[in-house]
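Chain naming follows the written order as A, B, C and D, and within any one chain the residues start at number 1.
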Amino acid sequence: MDEVFEPLRWRDLDYFGHVYHGEYLTLLDEARGSWLGGAAGGPGLRDPETYVVARVEIDFVSSLTREDRGVHIGFVVERVGRTSLTLRETMRGGDGREVARVRSVIVLWDRVAAGSRPFDDDERARVEALVAS
Amino acid sequence: MDEVFEPLRWRDLDYFGHVYHGEYLTLLDEARGSWLGGAAGGPGLRDPETYVVARVEIDFVSSLTREDRGVHIGFVVERVGRTSLTLRETMRGGDGREVARVRSVIVLWDRVAAGSRPFDDDERARVEALVAS
Amino acid sequence: MDEVFEPLRWRDLDYFGHVYHGEYLTLLDEARGSWLGGAAGGPGLRDPETYVVARVEIDFVSSLTREDRGVHIGFVVERVGRTSLTLRETMRGGDGREVARVRSVIVLWDRVAAGSRPFDDDERARVEALVAS
Amino acid sequence: MDEVFEPLRWRDLDYFGHVYHGEYLTLLDEARGSWLGGAAGGPGLRDPETYVVARVEIDFVSSLTREDRGVHIGFVVERVGRTSLTLRETMRGGDGREVARVRSVIVLWDRVAAGSRPFDDDERARVEALVAS
């Protein structure tokens, strides 16, 4: 599976020396924007960072530490809605071990209208082509 | 239900003017530590901020904005394991509306051993007394 | 001196167990907005959180830790410009010891014009009345 | 001048669409650790991320936005103390424009002793060789 790489920052660590669990959502968000924009086999949406997150389920499988210089994140499309996308997301540490298993539901956003927006036909075709069979 | 109040910071806002979705985990974490320590009817564990988060399911129901000066967070015990606790968590905005519904699984941590630790008998009695019937 | 109190969060700690030095700017910013809005003897500007920071000088005098449940921040006006304000800011820990000495220059911001804005006459009178003699 | 590149994250933006001013310290810190460890002509200290920040002076010259995919940070040694280092730091946006001018004083840290530590002879020779003439 193609993956997006996100470098870690020292500030991502918490007092335990682990990447803080809340930072996983920041790292996922950053990688997801790249993937939605076309990186790592993503669909290439027209405004890939303009979405809101409606739901996240995340299992923290192992700790990320400073030894991991970054995290590898892969995406699989599970379901396409009118304005939303359900994704399976996998986070791996620098050595390839699984650090988190995630399911996220995102909703495309229209900044001007301050509300959700539907996929256009071209975008819909691109994301539907990626639905895991 | 008793609730812990957490004030928001301007920096919690993202470019959309909403509290960033990843910050919800920070706010939950902060309130959970207070509650585990005995605030808002919590059990009063002996080291209430020393746990790791194993799993989070979160539904983002409505946006938190700067109008909300803070968030009210309530906790219900769903299940007690040997070293872990499953909690139902509800986040409400300044006006009382629901902003997120959460289920979290946390594991008690032993900083010195860098591993999980079981509840002691007294702690177990306290958390079991809180299991929702 | 009147002071604004800002509670700390566990996430403010870094791997050393100190409040991360970059978070001091977040804490200052949060307190400054309250003070500009009229808290702790502040001037009561009409849009107290809409400014940009042009310069900061900060001496980190002692570490903030989790023992400090929050930080006390006091403000003194050093100089009033057409669109800017130079402030002396002092941060104190929970026990009253000094943790940082700061000088900040801020510039009033106009979100719509995306540029600086001058003080209006009423605001100017209020901030000039606070200039330290 | 050699420079360290730090990629930005969407979460670095604030409500104004600018990288939040407090995040500049995180970006500087991250780049400084790499440089101290030997990147971009840095001295190659033995424990390059284990220091505390004693003082920062920062002029925010222009805004960083999402158009800037990252920031370029260059370092010049101004002064070497027994346990401390004074650095001139320059931040540039994606297009090379200056975004901040900084002077930082850092102190080498000993995690075990929880106190400052002096440069060893080898480290001292390396940093003194970098003092700007």
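Methods note: a residue touches a chain if its C-beta (ideal position, glycine included) is under 8 Å from a C-beta of that chain, and two chains touch if they have at least 3 such contacts.
Note that the structure is a prediction, hence the values are computed from the model and not measured.
Chemist: Please name the chain that ends up farthest from chain D once chain centres are defined by their CA atoms averaged.
Modeler: B
Chemist: Since chain C and chain D are copies that touch, is their contact same (over half of the numbers shared) or different (under half)?
Modeler: Mostly same residues: over half of the interface numbers shared.
Chemist: If you tally contacting C-beta pairs, which comes out ahead, B-C or A-B? Let me know.
Modeler: Ranking A-B and B-C by C-beta contacts puts A-B first.
Chemist: Per the centroid of Cα atoms for each chain, what is the distance between chain B and chain C, given in Å?
Modeler: Distance between chain centres: 29 Å.
Chemist: Nearest whole angstrom, what separates the Cα centre of chain A from the Cα centre of chain B?
Modeler: A distance of 24 Å separates the two centres.
Chemist: If you look at chain A, which of its residues touch at least two other chains?
Modeler: 10-11, 20, 22, 26, 29, 66, in rising order.
Chemist: Graph shape for the chains shown, where an edge means the two chains touch. Line, ring, star, complete, or other?
Modeler: Shape of the chain contacts: complete, all pairs touching.
Chemist: Could you pull out which chain C residues touch chain D in their complex?
Modeler: Listed in rising order, the residues of chain C that touch chain D are 16, 18, 20-23, 25-26, 29, 52-60, 63, 109, 111.
Chemist: Over in the complex, which chain B residues touch chain C? Could you list them?
Modeler: Those residues of chain B that touch chain C are 7, 9-11, 26, 29-30, 33, 49, 66.
Chemist: So in the complex, which bits of chain D are touching chain B?
Modeler: Touching chain B: residues 10-11, 13-15, 17, 20, 22 of chain D.
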